[in-house]
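Chain nomenclature is as follows: A, B, C, D, E, F, G, H, I and J, assigned in order of appearance, with residue numbering initiated at 1 for each chain independently.
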């Protein structure tokens, strides 16, 4: 079943827009970028990803998002159905 | 134009499920709850809200979400279109 | 495919042993407790869990581990195959 | 309706004055700089901005203030009418 | 010469509105409340005060603002003219 | 008696995979690498080591793991039997 | 071979002396209290313990030191011979 | 030779004045209170103490200042002559 | 009336002595350096300044102390008379 | 009377052994190095120093230990006799 994750991204000062665009443009067989939003607050960009399994999600974060120029730190929040 | 915000919510230990359900059930003339997800990581629940303006969004956070039992801290990340 | 997670647990002062025992005793249809170790350092107990999917893992953390007496905070680290 | 934000700015050591002057000089079709004050405390400069909408505000922060030499970190606090 | 300070206020969860109203209502011979805004971000309310000297400002913070119900922490940023 | 430790490893942005592989490849007369997992959360890799005594464990951390390219910080959690 | 650990202890405000005395008085078959010093700085008391193995050391920390009235947090630093 | 220390004191919200007065009133054979100032910033009160030796200074902090009502945390900075 | 401030200074590793000397040597029409002490603890040097007004104090911090080689961070604590 | 201090030392990644050796080799007319231990936990090395007075201790920390290659941060905890 598809798995989703919010990736909270901190960008270098002045790089928020470039990071949002870079993440939006990521193309990967591993995961689908559902949405990318530049935001105010402690994070600069929030991306929502969807993949078939956790391993593919993990690869997109470490080999996709973390390679985008200006990304300084990512925090991955996996969606869990508790009920 | 509609305004959106991610609200990153920290719940008391053992209360994540109740918080997610409480936020999901919020009904307000001020804002629409687009999605509510329980997540792993430093936050326990991530909600996406939509409202007509910032004031309504702010009211839903402080008078809606922050009143849900088990909510300990909220971080509001407003969506900004940079392009 | 089975999914695994390290759960890093902080216990109340003087409660590490009781927490380790309580987590060890958890029985759940949702997940299997692979190992539970009391440890030195910033965490008091590290548990390794295995489940069929992320949702079951999430439920064991929030409804199992976080309900054990003396648990103050949990940090869930999901195992990802990057290669 | 106009939207306002306090931008709390941390400057590099010894750069507070230059940052305050650089922010004061920002000219933008997107937002109006209402006030800029050098301050003591954990922040070095506090700016109050006003714009027609959140997107314009966001652009002035990331493409205006964050490009000023000596700016190390910004924290945006959007004004909300709760009553 | 008049002295001004931004007071960055953290409120208890769910108390932002009450704190903003309480600070707005403060009446003091010592200082004038120039503005009070509820805000998003790490602080809940930002007040701008003006007084004849630092001692009066200090008194309004510790004996006025800090006595308002729901105030948890205040950070005072005094305005400095660097040029 | 054999001694075990979880080593929680933070990697430079974009280096998680290389760090996991580098730690996996460590060969040492001092300690055995029981498992190495890339993980989500505040750490990037969790390794479980086993050695004959604490000194050998310590050497593997400081002279083995900390020398792997991309390792930024390690937190060693020694397993303790409390019962 | 004997194993030693520095235990860095934070005491409740005003309790440093009582904590130092309580730790000094600990008697245990598991470990020997080599020294206990009240100190200035981020910790209030530093104890040096010696035991036959890590498990005994761990037990003295969680079941001895952490049970002393006024102890709020302990950080255990195990001595490692690197050469 | 006399020894001096700055004691940086954090007070409970709304208690800064009472703490400053309480520290000012401390009378002790062990140390002399050179000055006590209420301050803005991360600390609420800064006291400068002088004593014949470090032990007496330590006693005044833990048994004098830390017993004053409203004191939440103290940070002791001992004066050192480096030249 | 004269205004005083404690400036808590963090120095680069190994630079405490040079920073203390550099701050001691500052000569400024704006403010008087009342005392400069190298200290133990989270800060390396504590300076007490006196000036005619807050603006002059602010200038000495940002254009004097923060320009001294080895200064990494300053925290200004303004003295307030609360009674 | 002799004065003692624990110096808690953080080393650069991979430098713990070199730092411990460098501190051990320090020779100084000002202070005696009683013990130096490499440790696990948030610090890498703990040194116990003894000197005739605080000034000599302070000099050994800032001009001795902090000059050792690989030392990133030191925390000095002075021993106080409270009874």
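Some notes on this structure:
Simple rule for what comes next: a residue touches a chain if its C-beta (ideal position, glycine included) is under 8 Å from a C-beta of that chain, and two chains touch if they have at least 3 such contacts.
As the structure is a computational prediction, the values presented were derived from the model and not from experiment.
Both chain D and chain F are touched by A, B. In terms of C-beta pairs in contact, D-I outnumbers the other of B-F and D-I. The centroid of the Cα atoms in chain C and the matching centroid in chain E are 43 Å apart.
Taking each chain's centre as the mean of its C-alpha atoms, chain A lies 48 Å from chain H. Work out the mean CA point of chain A and of chain E, and you get 38 Å between them.
Each of residues 16-17, 38, 40-42, 54, 58, 62-63, 76, 78-82 in chain B touches at least two other chains. Contacts from chain F toward chain A in the complex involve residues 13-14, 16-17, 38, 40-41, 44. Residues of chain I touching chain D in their complex: 54, 58, 61-63, 66-67, 71-74, 76, 78. Here chain G touches chain F in the complex through residues 1, 3, 53-55, 57-59, 62-63, 78-82, going by the rule given at the top.
Touching chain B in their complex are the following residues of chain A: 4-6, 8, 16-17, 20-21, 37-43, 46, 75-83. The residues of chain B lying in touch with chain F in their complex are 40-42.
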